[in-house]
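Take a look at these structures.
Below, chain A partners chain B and then partners chain C, in two separate complexes.
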Partner chain A sequence: MMNSDTNKAAGKHKGLRDFLYSPTIAPYVFISPFIIIFIVFFIYPVISIGVMSFQTVLPGKIEFIGFENYKNLLNPTFFKAIKNSVVYTILTLALLIPGPMILACLLNSKKMIGRNFFRSTLFIPALTSVVVAGTVFRLIFGELPGSLMNQLIGVFGFHPIKWLRIQETSFAALLFLACWRWTGVNILYFLSGLQNIPEEVNESASLDGATALQRFFHITMPMLKPITIYVLTISIYGGMAMFTESYIIFTNNKSPKDMGLTIIGYLYRQGWEQNNIGFGCAIGIVLLLFALILNFAQLNIFGLFKRED
Partner chain B sequence: MSKKKKQKEFKEKTQITPSAILMFLFFIALALIVLFPIFCITLAAFRPSKELLRYGLNIRLDFPNMSLKNFIFLFTGENNYFMWFKNSIFITFIQAALTLIVSAIVGYGFAMYDFKYKNQIFMCVILIMMIPMEIIMLPLYKQIVGMKLIDSMWGIILPFVAAPAPIFFFRQYLSGIPRELMEAGRIDGCSEYGIFGRIILPLMAPSFAAMGIFVGMNSWNGFLWPLIVLRSQEKFTLPIGLATLITPYGNNYDVLIAGSVMAILPILIVFLFFQQYFIEGMTAGGVKG
Partner chain C sequence: MKKIAAKLASVMLAGTMLAGCGGGQAPTTEAPAETKETASEAKTEEAPAASGDAKTLELWTFQEIHTGFYEKMAGVWNEKNPDRQIKLNYTVLPYDDMHSKLLIALQSGTGAPDIADIELGKFANYLKGDPQLLPLNDIVDPEIDNIVKGRVQIYGKDDKYYGICFHIGASVTYYNKEILDQAGVDPATIVTWDDFRKAGKTVLEKTGVPMATCETADPWSFWPMLSSQGGDLLKADGSPNVDSPEFIKAMTLVQDMIKEGSIVVAPGGFHHAEEYYGFMNNGGAASVSMPLWYMGRFTDYMPDLNQKMMIAPNPVWEKGQPRSVGLGGTGTAVTNQAKDPQLAKDFLAFAKLSKEGNIEIWKTLGFDPIRTEVWSDPALKEPNKFTDFFLNSPFDVLNEIKEEIPAITAGENLPKVMDALKTTTLFRAFEDLEDPAALVADEQSKLK
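So, the complex of A and B:
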């Protein structure tokens, strides 16, 4: 009796073991960590951000308030934050795509001496955290007459400027920081894209009498299209989600007249500094819609979907 | 033969020309500009912070005033820097190791098996990549609070342990490994997990370096999420701790500046020795696929 019971238990055990070890189930076991993380830390938060954006969320008091949070979004501070994020994104795109592309082409040319050395050196800023880089740039753009930027413009006869208290110059500081940290990374991307262009194409074109400029516009640029789209996409994400740079440059997210406030900065302010969780979620939903639109545009226009299959 | 010779001549002629020298000089200048901020802050770290506050960041080499005092203060003085440094190293290693293992397992599942709903589930990996984490951080924060992981290292690590970029990378890497290897393993009596552990995992070792460095660097430099999760001073990581020192009054600048330099140093050393892995890891997401 007892014997048969233990046998049964062992059999059950064996059944489970066989089940887990069968080749049809094993792949699901392998990907199960992803599925668990996906549900707990992605699907659930996405659903709850949607729900909370219609609520006021206070400890022990959760109340549905309809579209109130969304109505409150229509305020000048949020518009300012959107404007800052969009302007920052557009300017970083304008600076961080053509420049690194050309630099990568130069580095990739056969004539270049010390290519790997320069590639590595230009990459070094990307190793620094935004906190450290931001600290350095705060000091470089300091208010004191002796700070580097003020000394530099002093050479040209200008008076010292309070860089981080003026809209335009504080944005310039943010852009300098972005260029400093990202140029080397984007060069890497473009260099890896250039590696995919067969040398013969360029060689035969130059034998046919195409100038370097013609080759750049008619061979290099079209063939860099996939990697350019990739860089474009991650740059738009990086730009729209920018927060830490502004947080550090403007001392704990507090820029004068909100001149450096970004969308995420506003979300952070509402969600954590002012404990307006429902409202913060509404801000998140706006960004979520933006990300979805961007992705659909990208997938439809550039057909990245097809590449995946 | 003659064609080869011609090509060789062609190559030799293009080796050192005035334009090549010009380009070289241009990149030297660019490299100097790029390294300049790091040079400045390193210089400042050796000087008393009072001077920095009085004169601003500058490049005067003023040897009598320079000393290692700030660095000594970092690790022995009355501040939390050493604790933050330890926390950062600890979290970086744990996060890199866990993320690598979990992502390698998941990437293996996607690469080497065909199963029902595989494409649909893989679309979920892409979906995570497409939505910046910042968007959902409010509900994610509530989730972490609910799971009692707030103010803990696990709250930082756990949500991102199955990270899409490494999964993508490992799946891509494994697609170059023939499935016949698995078949051979099965014939030899390996279980499905034995095949992964004994046959495939050793083959993946080279790809671990690139992703390990990629994940480790992001972890070492991570800011926003640790800022939200961590509460108590003694649990801060380096970037969070350093950010608390940034005040308009500059009373903590000795720790801030020397501490910033010390925060760059470990990653710079790793970079100098393992450059090719950094580059591999950084470009993995964009190029392949």
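So, the complex of A and C:
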């Protein structure tokens, strides 16, 4: 009797053991936490958002209305929001990739004095809350003569400007905030990339007489390509999904003439502020497609989907 | 050294990736949610009645100071109703957060509190579809003659009331008496907008200060100019009313006064901007038209105006028109997920409709209560920070304009129209000075 019991127990153990050690099953066990989270928190919401974008969603009144929500998207406010998000994304890419790359090279150079100090201080803005930073920036760009920016331009003889009431200057404020906040983060990405470039390559290049500029363009930049693609990808996503900054700088998402309204800002306004959840879902789907297409195109151009030979 | 740096960098990288993921989340405008167990041991000692068999009522609000009021009322309730003890469990959330969470909880049918404070600008959202709030007619109807009816009507749909307001929100004009005295203008002589405009010219000439400020990001100063003409943001049927003649008339006057220099756009765009507080505190303008609930902003943010401000009725277009209108407000509602709906309703009635409740609203919150009889109650004459600050009593003004406080038209379109006003309409009118007739026609067409 006892013998068969132990056998059974051993058999159970063996089954579990086989299961865990099986080369075909084990990988799935290991990635299952991610897969489950991905399905529950991403796939499922995306599907239900897709469904809801064809409905009016109100308590007791959920009905399918076909493409009505998507038709309603064709309005000037939404186009303005798309324009704002796209322009913001492009400008942040133009500012937040070359700048941090050069700064990272400087910080990587052994000749740089106090580089550890700069590395840490440049990163500090990323640790602050967007809400706090946004509020401070709103005050910096205040319209009274006493605000910091107006005092600054006053030194050069300019009159005070209503920074956050003019399209160009209000965008400048948003970009300024983005640069202040993300430069340090992008520097970190590039620094980690720079550390992977073998010193011998640079050394032999300089022995061959290559100048610092030549080395930057022909060695550093090409070798930073994978990191650059990564930064580009997350920056595109970040730019298209920008919301909190604009929400705070223009108190409660209310920018004059929608000059700072982003796609998410419009989604938030329609979905939550006005309880048109179905319409909000349609905006979300459009944003998702937009970001997907942009990112796929960009990754394709950089050849990320090509087989590495 | 390099290894340590690399490790540090990777940890930071991981951190930033997490931070990066947070980018798309809903915003937190203020401090994170805080759930307060107020009726805890210490408090139960004070009010010994709230003992073991007390029923817990979940209450959500976006205003920390409201909890102080509810707490006092719960204490009195427990003394008076030994057999129906309650214990309030508060959740104070930032404005946007609370309204969104409540919307989700009501939509999904789970997780909503028993009682919730809902701001007027958002209330219409909760009345769309089948309202998930309980009709309060059974507690409101017996008191309807004692309160300002408009303050429950604005939270209504199909003859049912779903919320009870804290205050009237009577719109008044706050004059800076010091500046007016310098210019030799007596506010008592300002009755019509013509008088106001003339006084404005005198004030500007004599003191160099504009008579008033107007908002481009809030409707509070503009709205009364419509109401006195019988106009409103919504038509009686609830559709947007932006292209109405009342809009054009009011906009034209403000634009004319802006061109004359006697009105300026409020610094920061609205009367709740930090810039505006500083500007007004330094005597930046001679007057501002805001509802009575704005008193607290003077006492808290513009302390230098102490004993300089007086409260008066708004100017009108022609003598005899209503000199005020009830603006803004927070309706307290009972949700259909309340565990004991009758208890929640009865407590709500006690807190916000009873005489003692309304006196407490003035004492704790400084609002003009909705129950008219208390306006002349001696309890409201007792000195507090508001009576100390202003040159005259707000209730003298309230009693004067008692019959002249119409209610606004509320409806599903109100959030949409308010949003247009706050972002584009008023900005184009007062900052860009566009032609009013063409502007309102364009804005109206966008609202359809």
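Quick note on the criterion: the second predicted complex is superposed on the first by the 256 of 309 C-alpha atoms of A that agree within 3 Å, B and C clash if a C-alpha of one lies under 4 Å from a C-alpha of the other, contacts with A are read in each partner's own complex, and residues count from 1 in each chain.
In this section, contacts are C-beta pairs under 8 Å (C-beta built on N, C-alpha and C of every residue); 3 or more make two chains touch, one makes a residue touch a chain.
Just so it is clear, the model here is predicted, and its values are computed rather than measured.
Q: Specify the outcome, clash or fit, for chain B and chain C once both structures are aligned onto chain A.
A: clash
Q: Who does A:Y266 touch here: chain B (first), chain C (second), both, or neither?
A: Neither partner.
Q: Pick one for A:I277: touches chain B only (first), chain C only (second), both, or neither.
A: So A:I277 meets both chain B and chain C here.
Q: In the superposed arrangement, does A:F137 touch chain B (first), chain C (second), both or neither?
A: first
Q: Once chain A of both complexes is superposed, is A:A241 in touch with chain B (first), chain C (second), both, or neither?
A: both
Q: Return first, second, both or neither, reflecting whether A:Y88 touches chain B, chain C, both chains, or no partner chain.
A: A:Y88: touches no partner chain.
Q: Quick one: classify A:R165 as touching chain B (first), chain C (second), both or neither.
A: Only chain C is touched by A:R165; chain B is not.
Q: Quick one: is A:T24 in contact with chain B, with chain C, with both, or with neither? Answer first, second, both or neither.
A: After superposition on chain A, A:T24 lies in contact with chain B alone.
Q: Could you say whether A:T251 touches chain B, chain C, both of them, or neither, answering first, second, both or neither?
A: After superposition on chain A, A:T251 lies in contact with both partners, chain B and chain C.
Q: When the two structures are laid over each other on chain A, which of chain B and chain C touches more residues of chain A?
A: Of chain B and chain C, the partner in contact with more residues of chain A is B.
Q: Once the structures are superposed on A, label A:Y189 by its partner contacts, choosing first (chain B), second (chain C), both or neither.
A: Both partners, chain B and chain C.
Q: Considering each complex separately, which residues of chain A are in contact with chain B in the first and with chain C in the second?
A: 123, 126, 131, 139, 142, 144, 146-147, 185, 188-189, 192, 234, 241, 243-244, 247-248, 251-252, 264, 268, 272, 277
Q: Could you list, by residue number, the parts of chain A that touch chain B in their complex?
A: Per the touch definition, chain A meets chain B at residues 21-24, 26-31, 33-35, 37-38, 40-42, 44-46, 48-49, 52, 103, 106-107, 109-114, 118-133, 135-140, 142, 144-148, 150-151, 180, 183-185, 188-189, 192-193, 196, 227, 230-231, 234, 237, 240-241, 243-244, 247-248, 251-252, 264, 267-268, 271-272, 277, 280-281, 284, 287-288, 291-292, 295, 307-309.
Q: Quick one: which bits of chain A touch chain C in the complex? Just the residue numbers, please.
A: Chain A residues touching chain C: 57-61, 75-77, 123, 126, 131, 139, 142-144, 146-147, 165, 185, 188-189, 191-192, 195, 234, 238, 241-244, 247-248, 251-252, 254-258, 261, 264, 268-269, 272-275, 277.
Q: Please output the residues of chain B touching chain A within their complex, sorted ascending.
A: Interface residues on chain B, with respect to chain A: 11, 14-17, 19-20, 23-24, 26-27, 30-31, 34-35, 37-38, 40-41, 44, 52, 54-59, 102, 105-106, 108-110, 112-115, 118-119, 121, 124-128, 130-132, 134-143, 158-162, 167, 191-193, 196, 217, 220-224, 228, 238-239, 242-243, 246-248, 256-257, 260, 263-264, 267-268, 271, 275, 278-279, 282-283, 285-287, 289.
Q: Going by the contact rule set out above, which residues of chain C touch chain A in the complex?
A: Answer in residue numbers: 2, 5-6, 9-10, 12-13, 16, 19-20, 23-24, 26-30, 96, 99-100, 103, 106-107, 109, 122, 125-126, 128-132, 216-217, 267-270, 273-275, 278-279, 415-416, 419, 422-424, 427-428, 431, 446.
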